[in-house]
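The next part holds the structures, each set out as structure tokens.
The two complexes that follow have chain A in common; it is paired with chain B in the first and with chain C in the second.
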Partner chain A sequence: MKKPLAPRVTRAILLTLFSALFVLYVAGPVAWLVSSSLQSEAEITRVPPNWLPQNPSIANFEAIFSAADRVVTYENRRQGEALTSSFLPSGAANLLPAMRNSLVIGLWVAALNLLLSVTAAYAIAVIDFRGRRATLYTVLATRVVPDIALVVPLFLVIRNLGLINSLGALVVTYLAITVPFTIFILISYFEGIPRDLYRAARIDGCGHGRALWHVYLPLSLPALVASLTFAFLTSWNEFVFALVLTQNVAAQTLPIIISGFIMDFTTSFSFVNAAGVIAIIPPVLMAVVFQRYIVSGLTAGAVKG
Partner chain B sequence: MARITCAALTKSYGAVLAVDALELSIGHGEFMVLLGPSGCGKTTTLNMIAGLEEISAGRLLFDETEVTWTPPHKREVAMVFQSYALYPNKTVRENIAFPLRLRGQSASEIERAVGAAAEQLEITHLLGRRPNELSGGQRQRVALGRAIVRKPSVFLMDEPLSNLDATLRLSMRGLIKRLHQELKATFVYVTHDQAEAMTLADRIAVMKGGLIQQLDTPEGIYERPANIFVAGFLGSPPINLVEGVIAGGAFTRGDFRLALTNPPQEGRAVVLGLRPEDVSAGGDVTARVELVSPLGSETHLDVLAEGGVALTLRVPKEWRAAPGDRLSFGIDPARLHIFDKASETRL
Partner chain C sequence: MTRFGYDERSAALLVFPVLAVLLVVAAFPIIYSFWVSLHDIVLTRPLRRPFVGFDNYLRIFDDARFWTAVARTTVYTLVCVAVTTFLAVLVALLLNEVFPGQRLLSALLLVPWATPSVVNGLMWKWIYDPTYGLLNGLLVQVGLLERYRVWLGDPDITLLLIANAAIWKQMPLAALLMIVTMKAIPEDLYRAARVDGANIWQRFVHVTLPALRPGLMLVLVYETMISIRHFDLFLIMTQGGPGDASFTLSWLIYVETFRSLRFGTGAAMSYVLAITTFALSWAVIRFLGKRI
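Up next, the complex of A and B:
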């Protein structure tokens, strides 16, 4: 039976209204980021601000991609006037190398994270071994400690290993941060896969490796994608560990370099925002590509009831 | 590998003893049914045979080979689950082919085997579909296909028909029986449905509380139940059980007396078992008809005899009776079951 018309209309209006508010709240800052990256410094600081750039200019982006060719000397480092947007921070040339570092680290973290957490989660969720609960709680307990408390011990460990200022140091660190979470995500997902499918696979001739490969992985695509995205984004955005564990452009990541732009003598907000736009491109691409895998109902039809 | 021997097979979950020192030997090509109420350990037993459940104690042998610790994928048994357990991401064809693919068979071999199995189960037209596009009966056929395509010598089935409706269950029962005759494999079949057990089994193991109560042919179990539990578990409507004592070579309860051909010792407290159908027209037992339930092919009568003995009778539809009527019928003493009241075992 259909509901009467009036409540349906009210419902639709309310839903639309709140969705719109929510979108505004979430997308507003991003829109401003993009818009301001196309504005001159003078335009950004104007009151009231312009939501749409009056004289859109890609000068900031040009500057980012040409920064490497520009020789920065003491004489020319303060050249240019911030308000006319010709100003370039001294570290601008580090932006693209840092982005490359971030990408390399992010991809390694995502790949290794998946490898580690998929196998660990399978073992804990599926195999009935002595101490599986204890294992799970131990893994999760490591995430109860706030990151900031781990900075110093981790720094000492990494330094003693001679890994300071290397990409590997960050990869290892980010794995330690992300793997417990992704194990947890995957365990809950694996446990939701009907146990009879595991039994059927074992009977049909799968050892654990093949049961994981042929049955669990194809049915866990949404969780795998979520884990992958989470691992990549965590690594992409991380700041504190990167700040402590890296010292120069050989291993520094995007958040470190970008934050450096506002510690300079003069800050060009339009340039920082342009860098910000570049920094959100990979995550946005990732979200666009992966969102279609985040679907439910993959196990429909497997078992009765 | 075709003979299965369980020697003191035991499974405990912490303090719960799910299967208690089970002794069972299943012959080559035999159709063995494990029958019992919910929670009696049927599935656990089957899973131990399959290797899906670790064996707590005891030994399991396939022919002369001990397989107690062999992982399931090395045991070469096929299994059909109550829930069908089809791989939802694979088509019907891929589902059936999966065990063969894992064994590294060639594409043409697989194609041929899948085609043959599909034909046997009449699901050829479904090969391209996915499990969520199938009805329950079709899914169970696919699950059977996945089992038979490997031509294993042992089939394990855990209540494969209990999710199907009554008509479908009947036709699938026939299909399974035919498969058993054609494949000449050893079947171990779990059910709590007595009609399935009776029609399919070469032998039935009736279980309760992790123990086998009786192991016999369907006829043996029905005709000579070893104890009150087995007698009550099989038969529909269930067997009439009446408590009483032996007096003067007859079963007695108040004014209700039945002479016995082979009476136990005088004064013993016993339970009399009378199958509803074991009555004949005209005889020396009289009772008042309380309830008449015509079923078309036969009629069930609830009657009250002397001594307050309430009985359910299964009689031919020609017996016309109305509530309140007095009814006389005969009981063949040779068809009575007498159980000891204390031990509940057959005397």
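Up next, the complex of A and C:
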């Protein structure tokens, strides 16, 4: 049955209109950030602003990746002119090491998070043991406390242990953020796997280790991918804990270095924008590539209410 | 069967690592923080840390800055939650339709979600920039604005501008939750409503909205808990200013602890914020759970 023409046209117009608004709202700000990062400092400080770069250049990105080779001394510190965009903020050389820190921490968090969460989620979802509900609630309750409230005591604890500036301390801290949510996702996924498969495995003589490894893990690949992505993104984007728990440049992560640029009035706009674009690329790429897994993972517990 | 059979032993083994980690980085700090909040710990005088009982808590309530912060946080949270939820429902209505390009838009939806909050702050600060920013340029070119404004310097709207940045980032997750809830609505309900002669607006009010309740509640609770504790944007965009226009509770905790180095009162404030958050989400669940 074909609908009459008029409602179909109205529907098409409405959909186009709202789609356009949606794209403008969601992608507009990022597009402007990217456009700014491809302009020179002279171009970016023009009034009215250039919507698109007149002479797109990747000079800012080159500057970021070559900053480590340049030694800034008292004599050559003013050589670069701000307006030709060869000017580099003094902290520019810290960007690449910070990116490395963020990457290393992110990978460790993703791996350890999965290891810890899979085992715990299997136990809570599959094994019928005393204290099962209590364990679940304990795990979830740790996320009720706001991060800013955890920062102070955690700072004191880690300072007393002498672990300020240690990447390991950050990894463990981030696990506290990611693990409860990952367990929550995995439990709802594991509970959807037919119980008969588990019984069959147990009858065939599989212990819990082998039931998890041969039955549950192969069947929950989407949830595992979602967990890995989620943990990496959380760690890559995290700011407050990294701000408080790292105090020297060698240990700082990308968000901290970038926030330093933002608050430094002498930093060139185009350079900061380029740094922002670099920080945005890995998480956005991951989000788009693993879109299906992330969406089903993030909303796993929601349908049941 | 023995008292602790194979199941019990395996479960203990599998759950132990998680509990150990959470004990060290979550449970212990929470308890330790309570101990700190009962002492007058000032980092500039490290050897003197007398026990003061609940004095720190009493001191907070006498502090004018605290009540300012409560007011700012309330306005900010209300705006964030209301607008995020509203936009999320709109976006969900759009993306729940089937049309060419719908998949592309759904992928695009994840971009703000994946953006690091620091870059989010940087991006919007650059958009609001008084001389070179997009907002001034756009509004003046279109003719809506006569001359450039110092957006973040206007105490009347700073909080709203920061909220706008926050909403941009947290709307996608809320929208995803709403889409999932919408997908679960049985098509029959719409067909029945159509047979009864309901128009599109009536179908939305009488079929869609009631069915969205569980998702809506989840979004409201989650957004409240998230918005009330926002911190990153305030540090990057305004540092509590101009004046005290964006002086929220989490910013107050940060200033008290890491600028004034008064760890005792800082911890007490953290406890007040944590308990408030908890009580609020509890109240929302109870209140909405009963009413709708």
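General observations
The rule is short, and it goes like this: the second predicted complex is superposed on the first by the 241 of 305 C-alpha atoms of A that agree within 3 Å, B and C clash if a C-alpha of one lies under 4 Å from a C-alpha of the other, contacts with A are read in each partner's own complex, and residues count from 1 in each chain.
We adopt the following convention: a residue touches a chain if its C-beta (ideal position, glycine included) is under 8 Å from a C-beta of that chain, and two chains touch if they have at least 3 such contacts.
Here the structure is a predicted model, which means the values were calculated and not measured.
Comparing chain B with chain C, the partner in contact with more residues of chain A is C. In the superposition on chain A, no contact is made by A:G106 with either chain B or chain C.
In the superposition on chain A, A:P146 contacts chain C only, with no contact to chain B.
Of the two partner chains, chain B is the only one that A:R199 touches; chain C does not reach it. Judged by the touch definition given at the top, the superposed model places A:P218 against chain B, while chain C stays out of reach.
When the two complexes are overlaid on their common chain A, residue A:P29 makes contact with chain C while staying clear of chain B.
After overlaying the two complexes on the shared chain, residue contacts for A:G91 are found with neither chain B nor chain C. When both complexes are overlaid on chain A, the residue A:T299 reaches chain B and chain C alike. In the overlay built on the shared chain, the residue A:V284 is in contact with chain C alone; chain B does not reach it.
In the superposition on chain A, A:R210 contacts chain B only, with no contact to chain C. 128, 207, 298-299, 302-303, 305 are the residues of chain A that lie in the contact sets of both chain B and chain C, per the superposition on chain A.
For chain A in complex with chain C, the residues that touch the partner chain are 12, 15, 18-19, 22-23, 25-27, 29-30, 32-33, 36, 44-49, 115-117, 119-120, 122-124, 127-130, 132, 135, 138-139, 142, 144-154, 156-157, 172-173, 175-176, 179-180, 183, 207-209, 233, 236-237, 239-240, 243-244, 254-255, 258-259, 262-263, 269, 272-273, 276, 279-280, 283-284, 286-288, 291, 294-295, 298-299, 302-303, 305.
Of all residues in chain A, only 128, 194, 196-197, 199-207, 210, 214-215, 218-219, 298-305 touch chain B in the complex they form. Contacts from chain B toward chain A in the complex involve residues 47, 50-52, 54, 71-73, 77-79, 81-89, 98-99, 102-103, 130-134, 136, 139, 146, 156, 163. Interface residues of chain C, counted against chain A in their complex, comprise 6-8, 10-12, 14-15, 17-19, 21-22, 24-30, 32-33, 36, 90-91, 94, 97, 99, 101, 105-119, 121-127, 129, 131-134, 137, 140-141, 168, 172-173, 176-177, 179-181, 184, 214-215, 218, 225, 228-229, 231-232, 235-236, 250, 253-254, 257-258, 263, 266-267, 270-271, 273-274, 277-278, 281.
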